[in-house]
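Before I ask anything, here is the structure I am working with.
Letters are used for the chains, namely A, B, C and D, taken in the order the chains are written, and counting of residues starts over at 1 for each.
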Amino acid sequence: MSILTFTLRKRPDQRVDMSPLVHNKLAGMPVEEIRTLTLRLGKRRVEVDELFDVHGDPGDRFIIRNSSNKLDYIGREQESGAITVEGDAGAYLGMRMKGGKITVIGSAGIFAACEMQDGDLEIKGNAGDFLGGALPGNKQGMKGGTVLVKGNVGQRAGDHMRRGIILVEGSAGDYCGSRMTAGTIAVMGDTGRYLGYAMKRGTLLLWKQPNVPPTFNDCGSHTLTFLSLFFASMRNSDSKFSDPVAVFNRVRRYGGDMSSSGRGEILVKIG
Amino acid sequence: MLIKLTGGTVYDPKHEINGEVRDLYIRDGRVIEQPSDSKIDQEYDLSGKVVMAGAIDMHTHIGGGKVNIARMLLPEDHRADPACRSELLRSGCGNAAPSTLTTGYRYAEMGYTAGFEPAMLPINARQAHMEMGDIPILDKGGYVMLGSDDFLLRMMAAKKDQQAINDYVAWTIHSAQAIGVKVVNPGGINAFKFNQRTLDLDEKCAHYGVSPRDILVCLATAVKTLGVNHPLHVHGCNLGVPGNKDTTLNTIRAMDGLPLHLTHIQFHSYGTEGDFKFSSGAAEIAEAVNRNRNISIDVGQIMFKQTVTASGDNMRQFANHHHANPKKWVCMDIECDAGCGVVPFKYRDKNFVNALQWAIGLEIFLLVDDPWRIFLTTDHPNGAPFTSYPHLIRLLMDKSFRRDMLATIHSDAARASTLASIEREYSLYEIAVMTRAGAARILGLSDRGHLGAGAAADITVYTERDDKQKMFEKPDYVFKDGELVVRNGEIVKVTWGTTHVIRPEFDPGIEKSLADYFDRYMTMKLGNFKIHDDEIREDGRGNLTVHPCRIGGPA
Amino acid sequence: MIINGVMIDETFAEAFPMKATRVIITAQNSRWAMISAQAMTGFATSVIGCGCEAGIERELTPFETPDGRPGVSVMIFATSRKALAKQLESRAGQCVLTSPTSAIYAGIEDGVPLPLGKSLRYFGDGFQISKKLDGKRYWRIPVMDGEFLAEETTGMKEAVGGGNFLILAESQPQALAACDAAIEIMRKVPNVILPFPGGVVGSGSKVGSKYKSLSASTNDPFCPTLKGKTKSALGPEIESVMEIVIDGLFESAINEAMRMGIEAVCKLGTGNGVRRITAGNYGGKLGPYHFHLREIMA
Amino acid sequence: MMTETNEAGIFKQVPSPFCGVGTDDLTIKVEDTAIRVIENGCAVNTPAFEQPLGDLKPRVVGKKVELKDAVDKAAEILRSASLPLFGGLATDVNGMRAALSLADKTGAIIDNMNFGAALRNFLVVHDSGWVNTTLAEVKNRADLLLVVGCDLESLFPRFFERYIWTADSMFLDDTGKRQVIYLGKIPSGFASKSPSGKAAKVLACPDADLPQVVAVLRALVKGAPLNITEVGGISITELQRLASQLKKAAYGVVTWAVSALDFPQAELTVQTLCEMIKELNRSTRCSGLPLGGKEGDQTSFQVSGWQTGYPSRVDFSAGFPEYDPYLNSVESRLADGSGDALLWISTFNVEKTPPKTPVRKIVVGRSGMQFDREPEVFIPVGTPGIDHCGHAYRTDNVVAVRLRKLRESALPSCSEVLSAIEQTL
């Protein structure tokens, strides 16, 4: 497999829009040409070479070394291939990605997986606010694919989420699942306040008993067949979710948000 | 400086010039007669090119609160169409709710040199003028909105005499710096504040006991008596409601000869026949327009794309909010003056109703005989953004293109329309009437919309092409007040147009009752309400052009 | 050709193209999965009278089902996509959705999608929930016993209907015993179903009838009691004829099922009264698939 | 434009750019450059008008210089910056026009000082819109006022006097019969008490519970079943009563002030309120009234809106306006070090000084502004509505007020200074 490595020469003061550096845009481009592509750095335009030491062959795998939380829009609209980010990623990681895989060894900024359409996004550290959210004005956040966060996620994870799965091994901040239209967010750790605020549909699957909001009504304890399918779909993921110990299908179900259309659910593991 | 435009083929309907090769001379921003001895400073060889006056959009929502609400509602609309800055131009955004600067640039790039904001609330007129003050190149103007304001309805309920109402209307035109008077869903916006959800022509506003018919007659009379050139500009009752053609026909009858301009009439020309209980009333409406010479219309053509509807008619916009696409909308009640409703809309060619709306608009265009009484509008942005005009012109001028488009829409709608059987194709002369001479005439702009001596040198030069869309998209040259502002469809100079206003006379005694009303009920002092000339002029770009009234003249 | 004394006719079973789908029904235990499957495949012997032909393919272990519960694999055959979709919808809706603890999944991954949960979801009256897992969409429909789970769609394939052979025996009990033997082994063949009751047709039909409204009527040449009244195909030693009909996803599967069935029948041999094997052959006009008995058994 | 004055330097019916609710009945006495509000003042307007003039001369690194030198220095700072930030933006329409033009030219990020709060409304408009009303409608029609999460009178001292307990109202026989209900914060004084002595109903809860209290209220308005008996210390019976009152009101008005909803993600609470208002309009009339409008913030949002399409936090560095309500805040760009120069515009309030930051600073501020740390460039400018004419928006957004010139101070306007900087570039 050919690997193209972008090594950040120096942490930039300015935020960098990384959206030009995705497989589908660079396919078949010689490395020399990639070095001369322009990137935005504040109000300046600079060549890739000024920021990155570029090595290797442009193929289906990119590595961003020495990455910084100022590198925004990594993997934007990526259609295929894999990007590994060694270090942190900035805002809008994997925005509208359509396929392939992005792995961040460090943490990601706000709006990771924003309006993501498909593919796999894995963040080994933490993710900021609005994971899987939508740009202001857009009504639909994440629409497909799977996001795995090994650490914690910020506030409003899955805001306006429309479809897809967000898996959080750590804890989620306040307003997890706000305004969700559908999809599944699974959180193994703690969840903050205002869970599922204004949620229309969708599922919050929790390992720990949350602070159940007053506009969610208890629907009792149930054994849900679909959870077997859910965990079966995790079997190949490199996460705690694939651990047979994690599997359960007996839950307490809370329905809401009754202030919105009320078709969503919080499912809390029993036992 | 003397500029000569040599050898162009001129279409100047005011002077009945229909495609004649003429030379034009410009000095100090005006078209002049051929000078006998002067040296030509600049000459443009326009042989083989089409020359018209700059186009005038007599109904386009380019300024005022509802437009800015539409902007705030649609960040996604702006993200999709960014407009970059250049050495000459400011950055901005385009599409359904474009930024002011981009609005000016894009209009000018299409050969337009004036645009009129048709829904200027008196209380919001200051904002409308400030927004329009940031629209470069174009001349501007606004029609002040009355008819749902509590002051008028109180006067009518109290049976105040017409003279007092005339004074109030004139005072409002002055204080809002307007060139015409608009009425939107007469009385309906007010009735909605009292939770009435419909108001047909002869229904009464529950609180005031006044009907839309009363309001229309009262305001149309005032406008005529005051000598305002532009007839009362009417957005009628029941916008968008199937069967509203009868309301529209009744409205025409109700006028009994009083001049009236029915705006975006497409939205008011619906029948209730067929499986969908929605049908075209275009033939009846066009016939009524043809028969009644006191009536003028603009169409409000829709196009199949994303846009946003912004209207003072919050009663109807509230009812329409279920169709919002994307699903977000704003309705407001405003200052005992009127209201507004902003609902994004995506017209779809495979939707029966939308497809038929499209066909109805075109039917009206093609069935109304007199191009001097019908105007080319999309009711920007309600039917479509103004950038659709070249496409619309092609639909009117090219019947085979029209038929090709007809074949792509919802088949039941295509069948329900008579469009396929209409042979008419607009000529360049008729387009020039509709978009220039007629528009200037109906607004009373004596020095615009034509190319005779003394006219402001607002001139657009096109290369004639078979594809009329391409032709009208990208003029070769646009002159604004004698300055070359566009070359090959691109801005080469940014100028600032004037604001056209009218100042009918009135008895200042009206201010006494108004001051009392303002003190008791309004949240502003009368003196602070009025817009002074220097507010428009003081930034060094804006200007005012006052047009005379035709006191005593016939309608 | 004669096998163990049994005459194999020089003829072919004439089969025709059908559309087929498979679904997997699971339940809390195998008994309830089977009850649901039986209900779903009931009254589905012949497309002519039932709208489809359906049968149980086999039982599935918990390791073979999507949700890890015991299950049953069911196939349904019909003459058009539309007819198949309609039958699938009504049978899944009336027989699986209603069956306690049940769930229903696609049994064919590819092919033309047929609505399953996609149409059943409306039973949820707006409370239904969709989940997409591993690229497949499922519908969770709240029902009285808990939650009914249905995959969005299942796949439809081009398939073959009407594979068959006829067992001619000396007596009714011997014919039936031969059928039992054949069916026991044929049920193990994947991708086929035997849609008739217990897999056996006691009343085979011919095309057409003297009554204008009927499109099929008794197969008089093979009716032993009519030997003297019609142009019989039966010799004097034959007292009973029974038919086994096979619908399959592929020609090869039908081939395999027929071979194993005929083999089992022949194994009983003349000693058990089995005299002859033939096939329903309509002169080659009914369908393009011809299963030549002697080629199959060669 | 010096109207409505007499020999004694008395100005009547003076509009205020400070209070946000469009007060325009002030009587002001001007002696030389000293201003006194002699009628209809309030805790907000009086000190803002009476703020004495300070320095007239610009300073560069603390030294008094001519305006031209200060402008040159400012231009030099902006020219050399990688990413200039324009903060504050407290100015009038023309000042904002000039700021946007300069930002466009210098590739800057603009961010109004109050946008962090205003965003709580704008995000709602971007996402779902609302049904709102304006002050005159409130004054003449509102039979019920629900105040959510703010102590109205401390923010807008004359609100009740001018819009609720008015002598006249076109459609109410007795304005004293209006129902006033507080949800969340408790009023600090008695302005909400009716002239006949009827106190406002108060359903108090901590801010932290407000999101859920409002959600419960919306659920009750919808008629959704809930299995709780109280939320945030408020009984469901009380909230159910409030839901019924809202449904019964002929013209209910729900008001909030985003500056008071000062907790994370408060836009979700605002959105829940706004959706509830929409739902109420299925059967009756009810409208929202978002209150704000301090330091010219509405003015800045409006002008930015029509020139760029976005209210604030617009980045011009790409050559076209890009909106990011999170990353494009001055605060975050100073924190992450990407903004390397700050132009701070604050022409109304001398207290609103720039944030502490080591980056190069230009302050175009109201004369009299004091600094902990002297900015590299300070250009004192006139205050719109005192030193020069102008336009400002009031809280309900559709109404712009004409600001007057009350004195001759020789201070340039913000717009003049910014245009001069742009010319110098």
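Assume a residue touches a chain if its C-beta (ideal position, glycine included) is under 8 Å from a C-beta of that chain, and two chains touch if they have at least 3 such contacts.
Worth saying up front: this structure is predicted, and the values here are computed from it rather than measured.
More C-beta pairs touch across one of A-C and A-B than the other; that pair is A-C. Rounded to whole angstrom units, the spacing between the C-alpha centres of subunit B and subunit C is 70. Distance from the subunit A centre to the subunit B centre is 47 Å, each centre being the mean of its Cα atoms. For this pair, subunit A with subunit D, the centres built from the Cα atoms lie 36 Å apart. Residues of subunit D found to touch two or more other chains are 122, 126-127, 316, 318, 323.
For subunit B, the set of residues that touch two or more other chains comprises 73-75, 77, 79, 327-328. Chain pairs that touch, as defined above: A-B, A-C, A-D, B-D.
Those residues of subunit B that touch subunit D in the shared complex are 63, 65, 67-69, 71-75, 77-79, 82-85, 90-93, 97-101, 121, 123-124, 126-127, 130-131, 134, 150, 154, 192-195, 207, 318, 327-337, 340, 342, 520-525, 527-528, 531-532, 534-535, 538-539. Contact residues on subunit A toward subunit B in their complex (touch as defined above): 135-139. Interface residues of subunit D facing subunit B in the complex, by the touch rule stated above, are 1, 3-4, 13, 15, 22, 24-25, 93-94, 97, 101, 104-105, 122, 125-137, 139-141, 162-163, 167-171, 250-251, 281, 284-285, 287, 302-303, 305-311, 316, 318-323, 389, 391, 393, 397-402. Residues of subunit D touching subunit A in their complex: 82-83, 106-108, 122-123, 126-127, 208, 211-212, 215-216, 218-219, 222, 224-228, 231, 264-265, 268, 271-272, 275-276, 316-318, 323, 325-327, 336-338, 340. Those residues of subunit A that touch subunit C in the complex are listed here as 144, 163-165, 182, 184, 201, 203, 222-226, 228-230, 232-233, 263, 265.
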